[in-house]
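Reading through the structure tokens given below for one structure.
Chains here go by letter, A, B, C and D, matching the order in which they are written, and residues are numbered from 1 within each.
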Amino acid sequence: MSTSVQPGQRAEVQYLLRVGDACLVLSHRISEWIGHSPVLEEDLALGNIALDLLGQARALLTRAGQLGEAPLDEDQLAYLREERHYLNPVMMELPRGDFAFTQARNLIAACWLLPLWTRLQASSDAEVAAIAAKAVKEVRYHQQHAAEWVVRLGDGSAESTRRMQDALQQLWPYVNELFAADAIDAAAEASGLGPAWSSLKPDWDAAMDEVLAEARLARPKDTPHVYAGVRGIHSEHMGHLLSTMQHLQRAYPGGVW
Amino acid sequence: QQRNEAFEARIDAGDFIEAKDWMPEHYRKTLVRQISQHAHSEIVGMLPEGNWITRAPTLKRKAILLAKVQDEGGHGLYLYSAAETLGTSRDQMLDALHSGKAKYSSIFNYPTLTWADIGVIGWLVDGAAIMNQVPLCRCSYGPYARAMIRICREESFHQRQGYESLLVMMREGTAAQKAMVQDAVNRWWWPSLMMFGPADKDSPNSEQSMRWGIKRLTNDELRQKFVDATVPQAELLGVTLPDPDLKWNAQREQHDFGAIDWEEFWRVVGGNGPCNTERLGTRVKAWDDGAWVREAALAHARKRATEAQAA
Amino acid sequence: MSTSVQPGQRAEVQYLLRVGDACLVLSHRISEWIGHSPVLEEDLALGNIALDLLGQARALLTRAGQLGEAPLDEDQLAYLREERHYLNPVMMELPRGDFAFTQARNLIAACWLLPLWTRLQASSDAEVAAIAAKAVKEVRYHQQHAAEWVVRLGDGSAESTRRMQDALQQLWPYVNELFAADAIDAAAEASGLGPAWSSLKPDWDAAMDEVLAEARLARPKDTPHVYAGVRGIHSEHMGHLLSTMQHLQRAYPGGVW
Amino acid sequence: QQRNEAFEARIDAGDFIEAKDWMPEHYRKTLVRQISQHAHSEIVGMLPEGNWITRAPTLKRKAILLAKVQDEGGHGLYLYSAAETLGTSRDQMLDALHSGKAKYSSIFNYPTLTWADIGVIGWLVDGAAIMNQVPLCRCSYGPYARAMIRICREESFHQRQGYESLLVMMREGTAAQKAMVQDAVNRWWWPSLMMFGPADKDSPNSEQSMRWGIKRLTNDELRQKFVDATVPQAELLGVTLPDPDLKWNAQREQHDFGAIDWEEFWRVVGGNGPCNTERLGTRVKAWDDGAWVREAALAHARKRATEAQAA
């Protein structure tokens, strides 16, 4: 099974893959820390978060695979798509960076996933609603954990403040993709599958601003370019991530693991 | 002297010694060395398996591997905590690791070259570790014994998961996958046997360690038990073990097996295995790269404490 | 064509793959510098060296593929083997490191390849002899270029001296594999295909010692472990290198490029 | 004033101006800005293509790509040298690049997402570059004109190689490969059209640049020429160009084409394209990481010079 699969054009499939791939790819980046963290407790905490996100990804990919034109399972979707068919926002695939970058991204992602999962609990798709009910509890912990680190580093030493502010600066251009609207997004809202992402912005703003204030960090300015990972236009990092992630499935066609 | 007699009496009675109890200096030192070495093994052991997290072949296997490596970090944490009850800080122990003074299990100085290595490590390496560690659940030092109970339970779970993943590949996999499993077994078998330490003749049992329940069987006895337990598992799996001299000895009712390459054993223990430099280098780099984080956390705590006082 | 190929057990094939894979993998690592060198001239020089080594690899892989039990072309051999069937010495696959590491490795490799190619000019295999005649000129330049940098950095600033000495220290444990003997090696010598690698040691020692003396660098002590990349036992870096290198061939089975 | 008239007379006569010749300050500045911007484009342009060297799908394609990226470095080198003849050092020019003062071609602020991007960059991006650059081979400044002759020759070669690699995929490749090529064309078409710069109405031709042979056709004229040349190539290749308004206009004997997204153009030029920050960051990092190497080379040269004197 090394030939690529296509998830198809159905709006609900694409909507679920956007969220599922976000979790999958972010989990991948976080997992790169395991064994390399600044303190052992973080190897465990980041491992936990990576595991939770992986679980969320598996549930959503499974569901998306059931709703497509031809049924696909979680592994076909995770391992056998071409890059242009992965739909995560670009931010999730950026290299892990330093510890400040990782915690800043985790915070941005958690502040986005929390209202998203919260609303998905009311999804018209009962499966998705059930997945969301579990995920929302997990992401609440992720948000809290990342917020603690952003505050600690933002209001820590001169070096940590600089690193955390730099991390925010690097990440900010990728934020607006998390709230951008398009036909897929509109269809999900119309059908009740899930919220339009733009509707998550006020909650995200409030949560972020609270943490940034406590961390005494400046909120970076918004930038005009809107990345389009959700339509499969990724950064150059994605291909490298996928060549790693897909290697075994591609190299051992027909393998059973 | 009186305290020492009381201590010995408690040991003889099978009582647990607790952190607040008086204990002889030698007992304390032996335990710190052994527990910290075990803790170091857990965190260095995260590296060879961690090497495959981003390449796990299915999401289920990825979740299992992530959880396993995370458990190893957890074991490291309990063990450092157990050792800390004896008055040595985690930072002191890590310093000893990073400077090369402290040891960790030599098995982690071998590389993980294919995905099958992950299953084989679960089966053979965790299997050997359990064989070594189960007796420690009854060790005389309470915090260590309690940590070992939890660790052994989790290790058994890992071992079963590793073996199960190999079974799937051997029973349902492609020819290439089966060859991959066999190759991994070939590479890990002898290093696994070396995990029980030098032959008894080169490792006079410390009577002390026996008394304290830190050791209950000799290296060679444990190694024999491991071989006897593993051979039928290999048969069930459908792999051969890379030892032409391995065969059942009906007289001894045990397996005979070939000579271990002790030269290799001592070379790897002595720092010249295939990955010694890299493993230690990776740990030191993670620690050094994280220095600013740890300093920032302290700086933050001080700041907030000062502000709380001022308020 | 994503299914793996096996080069087979023939001694002459294995011998040629050891050399060809050394060139292929070293070329890969050197090529990672292109666009990231300390000075533009080095982007060009390292590009040149990577290209030369790639050409040598192509010629040897092609020849090895002709001599095997079933014919294989250079791309099948380069892209579709499993890791355990790549036979380069481990040193070649180590990550590119800093500029000192790269130049030190290039020197070690060139001082090894130069006597090797020199003797291969007299190979009993006329194809191999012809490949060697071209390669020997190229490698002479590689050696000179690397030697200049090793001298410059070894006897440069305090920092560069430290970095270069560290690089040698890191590389030295991988040196003895370049001169180790086994049955494959013995068979090549016996058949006249190529020299036993141990016979290259005096030339290598002389060339290295000369450069180290001029660079005022200490020669590290020999270490006991002998790596066995030539028998397919690699470091953990090799799998990552291959997942990158093989990605397209694995992901697009049957592709024509 | 007299010198200026003599200079103008030589320009009018079609003579080359050489480095040692007197020239007006404005001429010098214009050239330094243009040549260094072109040089920067070459070295920043190494990055998007360099991204695929380690992943090239065959050894032949890898060799071609390596050689191509190396050629771009070579172009950078000639161009910096040409600019240096005007009295600005390479380090000064690089400082201007690294500090964000100097520009480079905006096309390199788009990412290379698939292997087909490599072929399409050769075909469209190099094609557009050649269209822009051929007139410069007759530019009045000798060192620049000579550099451009060599560069244009190599660029044409690259363009043919890129197009050929696409032909192979479209004619002999799998459906997935063909889709990959079409997708790459879809992504690079509009940015390639933007390479000719703003529309003429927003870019009054500098009469000066025309006189000096730095410009001979307007942006819109060049863009039209490019479209007209490319459409039949696309047909031969079997790809569509992503512009529903693109069609032959029999009256004009040229193609009509759709409106360019000038908002995107100005956004990317202004620093907010998808890769601006990363490209510049990568260059700065390479430069900063190499500082110790450059310093060491100087230190070595000084040492040896001192020793030579002492001897």
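What we mean here is this: a contact is a pair of C-beta atoms (placed from the backbone, for glycine too) under 8 Å apart; a residue touches a chain by one contact, two chains touch by 3 or more.
These are the chains along with the protein names UniProt gives them: A, C = Phenylacetate-CoA oxygenase subunit PaaI.
As the structure is a prediction and not an experimental result, all values here were calculated from the model.
Participant: Tell me, which chains sit next to both subunit B and subunit C?
Facilitator: A
Participant: Name the chain pair with more contacting C-beta pairs, choosing from A-D and A-B.
Facilitator: Between the two chain pairs, A-B has more contacting C-beta pairs.
Participant: Among the listed pairs A-B, C-D or A-D, choose the one whose interface is a repeat of B-C, with over half of the contact pairs the same by residue number.
Facilitator: Equivalent contacts to B-C are found in A-D.
Participant: Go ahead and note the Å separation of the Cα centroids belonging to subunit A and subunit C.
Facilitator: 40
Participant: Could you give the separation in Å between the centres of subunit A and subunit B, each centre being the mean of its C-alpha atoms?
Facilitator: From the centre of subunit A to the centre of subunit B is 34 Å.
Participant: Could you please state the distance in Å, as a whole number, between where the Cα atoms of subunit B are centred and where those of subunit D are centred?
Facilitator: Roughly 57 Å, centre to centre.
Participant: Out of subunit B, which residues touch more than one other chain, so two or more?
Facilitator: 55, 176, in rising order.
Participant: Quick check: what residues of subunit A touch more than one other chain, meaning two or more?
Facilitator: Residues 4, 82, 239, 243-244, 247.
Participant: Tell me the shape of the graph of touching chains, choosing from line, ring, star, complete and other.
Facilitator: Looks like something else, not a line, ring, star or complete graph.
Participant: Where on subunit B does subunit C make contact in their complex?
Facilitator: 48, 51, 55, 111-114, 176, 180, 183, 187, 267-268, 272-275, 277-278
Participant: Can you list the residues on subunit C that touch subunit B in the complex?
Facilitator: On the subunit C side, the touching residues are 4, 82-84, 170, 173, 223-225, 227, 233-236, 238-239, 243.
Participant: Provide the residue numbers of subunit C that touch subunit D in the complex, in ascending order.
Facilitator: Its residues touching subunit D are 28, 31-32, 34-41, 43-44, 47-48, 50-51, 54-55, 57-58, 61, 74-75, 78-79, 98-99, 151-153, 155-157, 159-160, 163, 244-245, 247-249, 252, 254-257.
Participant: Write out the stretch or stretches of subunit A touching subunit C in their complex.
Facilitator: For subunit A paired with subunit C, touching residues are 2-4, 82, 239-240, 242-244, 246-247, 250-251, 253.
Participant: Touching subunit A in the complex: which residues of subunit B?
Facilitator: Its residues touching subunit A are 43, 46-47, 50, 53-63, 66-67, 69-70, 73-74, 76-77, 80, 115, 165, 168-169, 172-174, 176-177, 282, 285-287, 289-297, 299-300, 303-304.
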